[in-house]
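In the two complexes below, chain A is the common chain; its partner is chain B in one and chain C in the other.
Our next item is the complex of A and B:
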């Protein structure tokens, strides 16, 4: 069996693994970068490149050691360093003397090189792609349900357990019918978790760089830490939404991007690159929707995300919403992150109490 | 006819221990307390990024339009101190310096000029940090002042048309803007020539200095290194960005592509070595340095890179430059 290593993008790797089957081969991936892979990447990469590159590089080195022949890396058409990832990773792997071959998604003619190389039949090619879409939808639903339930669960750890069980089932699902059944079952599974319905959890939005929004190893499991402190999350990277956005740009209109730039217009009049515009626009939207706070994640020195931080600070002041900015590098420790998040949660809780006190409420009404 | 006037020849004294020929590049357009009675609009230009990317252009353009361009002073240790106090901690060094330059102008001028440089060469891109530059200025440091901004996207609109739009934005007659564009372009040309000029020493070894235009011409970042090279009797040529037509390659960042091609066409007879100046936390350079190094290794031209951060110390630079030059001399 031929294997292909694919980059880790959190739980969505399960769906991408199905997409790889369309080439008639199997995927070699995990839902989070392993610390061992990260270490390999850090040793091999230039010191000042951003952490996602080191994570991907380490992942591919590990794949090569496991005997995988091919790898796949996403292309970007943006302005930031992601655009050069594939070239650079390929170069470094070549310098290390590894034989793994990296494909991108580029078109040069009718078929992309990756399809031409494996040359699957039309039915083998199309069917898994539809299945992938199903799986992405299923994972989107699981994620959304988990953020809600984890904040109000009575027995600590119930949601994570249910989520993991469903994800394992999803990764083992081979047919569309199975995936559909899992989607139906998921709602019941989450509904069965005993929750405290009286509780009004704090609401926090997560924005920033996508590897850090998704990869549990890189972001030190931030979703779990926040959820177990009773905070309802909204992570602004859902792959389903993102794919819809991309296909819309290609085929029909730029409606979502347009609405985002309209939202952020007062603060940022350019899309910058990466997910910088999204970070600003969603921070504004969350402030308007009455979220208690925002968390902005990015690797240390990320070009687009760091350059908009002065703007985020202004949004935070103008809209009166606390924004916690966390930068990750290879020395970031999970305990340090947990401490900061706990402190942030305490601040948000105190703020809510203060804002809900009768005196404050009167003051707010007076301001109109 | 170029209408730039030097308000004060002694302006160069601000640079302190700066490099002699860096001072010559940039005529000191500085704010003087006595001249505020002038009715014309004072427009502030931070001496960073776009000031070095389009050298001489902005002063000439705004001067010709009847405004009073005021350029912030060349960066010194004091600028860096200020920068580390007011700027975002994770910015690259030039971006921090930019914030300090901006802060210096705010309050002294009626308007600050911060364009959004999206691309300077057709089908190329600029650093993504330039994208939110005017917005970041409005949000934070230049909050009290009006920020004049325009999108410079040469991939879509040529520079001259962008300048026409800028004139329209300022409510200035088209004829006047056109003549201003012409004279400012010739001013930029002469400034480019001045910038590319090597230091006066003719000697050996001969070096090529590469890096972003706003890095190799900045007084704080490049000054100590150029001083050291000069005092060691080394001839150094700075890479020129006047010719804006590099061939296409996989690199889309315009400066990085320009440097890549310069190194690609370099032969060992022209130069004895290449010194790259880079700054801490520069995203473009972090991706490109390995490529440059490999290129130079293939051609067996000695290559060294010096990374500058806020804590730049002359002695550290001295040691590294001396060691590099000594080893080259022994090789000969």
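Our next item is the complex of A and C:
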């Protein structure tokens, strides 16, 4: 059996593994970077590059050691280093003398090189792709439901358990019918969790670099920590939404980026690459929608996210929304992150109490 | 009833990187006894010694009605003593300061390994910031420089305030500060001027790294272990050009805040393990979780054969749980791994060992 290593993007890796089957091969993947892989990456990469590159690199080195022959890496557009990730990773792997061959998504002619290399039949190719879309939609739904339920669940850990069970089933699902059945079951599963309906949880948006938003090893399990503090999350990277956005650009020529640029126009007119525009625009939108706070995850040395840090400070001041900056590198310690998150939750709670007091409400009505 | 109320008291424990502190207060917030103990890397023994000292100091008629732990060792300490509340140190410090100085606007806190700034407006915390990996703006910096000068930290404090013409020392990094200090020594600067120069270097580093972009408004309260150092107090006064308040109990503010939090938490029946927590030998044992490729080292805290708490997990399924090990296994979030294993994984069921792994890898044999 031929294997191909694919990058880790959290739970969505399960769906991407299905996509790889369209090439008639199997995926070598994990939903979170393992500490062992991260260590391999840190040893092999230059010290000053950002942590996501080290994580992906380590993952591919580990794959090579397991005897995997091929690897695949996305190369995004925009002025981020991610655009050169594949070339950099490929070069480092070559310098290390590893045999693994790394593919990108580039087109040269009608078929991308990756498809030409494996040359699958049309049926083998098309069917898993549709299945992948199904799975991505299913995972989107799971994520959204989990953020809501985890904040108000009565017994801690119920949501996480339900989510795990469904993800295992999803990773084992082989047909579209099975996946559809899981999607139907998921809603019932989450509805069955006993919750405190009276509780009005704090609402917090998560923005920043995508690997950190999705990989729970890199972000030190931030979604779980916040959820168990009773905070309802919105993580602004849903792969389903991203894909919808891409199809809109290709077929309808209406990019979500346009509406985001309009939103962020006062603060950011130039493209700084990566998901920097998204971070600024979503922070503004969340402030308008009455979120209690935002958390910005930023790998240290990430050019796009670092360049918008002063902008986010300004947004925070103008729109009166607290924004917590968390900067990660390989020395970041989980206890420090947990302490900051807990303290941030306390700050938001006090703010809400103060804003709900009659005096404040009168003041705000007067302004309005 | 009234008499019992008079005899009730609350305990706060702050387990920091350098010191372990305990404070006992009455329900009204009056301090009955305070203990500051420099630990030596044995948090459990330090907590036990503090408790033993405390039981000796506290009159017998007082009965502890609630316990709160804080600091970086809060979870472990919470398991050892049987804490009712476990709170992060940022909130605990702010709580104590707001209790003593309701009109405070800025709280500077410098401890052994951590330095924080907390911004308070109208009696509520609105923003905070904590040092990242660098310890150059913390107590450890002064400790190591004092050792280098071969004086105690108390002598350093006493000498610094006598200086009339402080030496300018580069304080960006402990290593640079040291080489600069050696240079200044050899040029012939007086020791009192060098010590004051070090204090200025620490304050400069703290203000530019931790307080970066924060609005420092008086009244300013300075607390934490380093606030006992008069040289730093003077350096802050000169740098911020305003009066800096050093509160009573400045060394144990975290523990004081924790005690206040315990007293306000309406605890019905405390889980405090009483005197026995300080006398019985408490041991810890570690094991590898192995439910997912993260392979967390879980630490179990044992009193005789009974498990009184667990720490060390990343996903939350072990934290503070006391049940038997097997009942907790397989409940938290985990990674889903597919493809051939590198042989590193433990008995993780999701790592499917595939039969047709190429014979490239042999477990235990180095690759080259």
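Simple rule for what comes next: the second predicted complex is superposed on the first by the 367 of 368 C-alpha atoms of A that agree within 3 Å, B and C clash if a C-alpha of one lies under 4 Å from a C-alpha of the other, contacts with A are read in each partner's own complex, and residues count from 1 in each chain.
Heads up, the rule we're going with is that a contact is a pair of C-beta atoms (placed from the backbone, for glycine too) under 8 Å apart; a residue touches a chain by one contact, two chains touch by 3 or more.
All values reported here derive from a predicted model rather than from experimental measurement.
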So, after the overlay on chain A, do chain B and chain C clash or fit? They fit
Practice item. Have a look at where A:313 lands relative to chain B and chain C in the superposition and call it first, second, both or neither. Key: both
- Of the two partner chains, chain B (first) and chain C (second), which one does A:350 touch, if any: first, second, both, or neither? second
For this session: For A:167, decide between first (touching chain B), second (touching chain C), both and neither.
Result: second
One more residue to check, A:28. First (chain B), second (chain C), both or neither?
second
Who does A:67 touch here: chain B (first), chain C (second), both, or neither? second
Partner touching more residues of chain A, chain B vs chain C, is chain C
Does chain B (first) or chain C (second) touch A:327, or do both, or does neither? both
**OP:** Scan A:273 for contacts with chain B and chain C and give back first, second, both or neither.
**Re:** first
Taking the CA centre of chain A as vertex, the centres of chain B and chain C subtend an angle, in steps of 10 degrees, of 80
Given the touch rule stated above, what does A:304 touch, chain B (first), chain C (second), both, or neither? first
Applying the touch criterion given at the start, work out whether A:340 contacts chain B, chain C, both or neither, answering first, second, both or neither.
-> second
Once superposed, chain B sits from chain C at a minimum Cα distance (Å) of 5
Check: chain A residues flagged as touching chain B and also chain C 313, 327
So, in the complex, the side of chain C touching chain A is made of residues 72, 87-91, 122, 124-128, 130, 132-133, 213, 292-295, 314-317, 331-342, 344, 350, 354, 356-358, 360-361, 367
Interface with chain C, chain A side, in the complex: residues 1, 3, 5, 11, 13-14, 17, 26-32, 34-36, 62-63, 65-68, 156-157, 160-161, 163-164, 167-168, 171, 216-217, 220-221, 224-225, 228, 313, 322, 327, 329, 331-332, 334-336, 338-340, 342-344, 346-347, 350-351, 354
Listed in rising order, the residues of chain B that touch chain A in the complex are 88, 90-92, 95, 116, 118, 125-129, 131-136, 139-141, 151, 250-252, 280-283, 285-287, 289-291
Counting only contacts in the complex, chain A reaches chain B at residues 46, 48-50, 78-81, 83-84, 87-88, 91-92, 267-274, 276, 300-304, 306-311, 313-314, 327
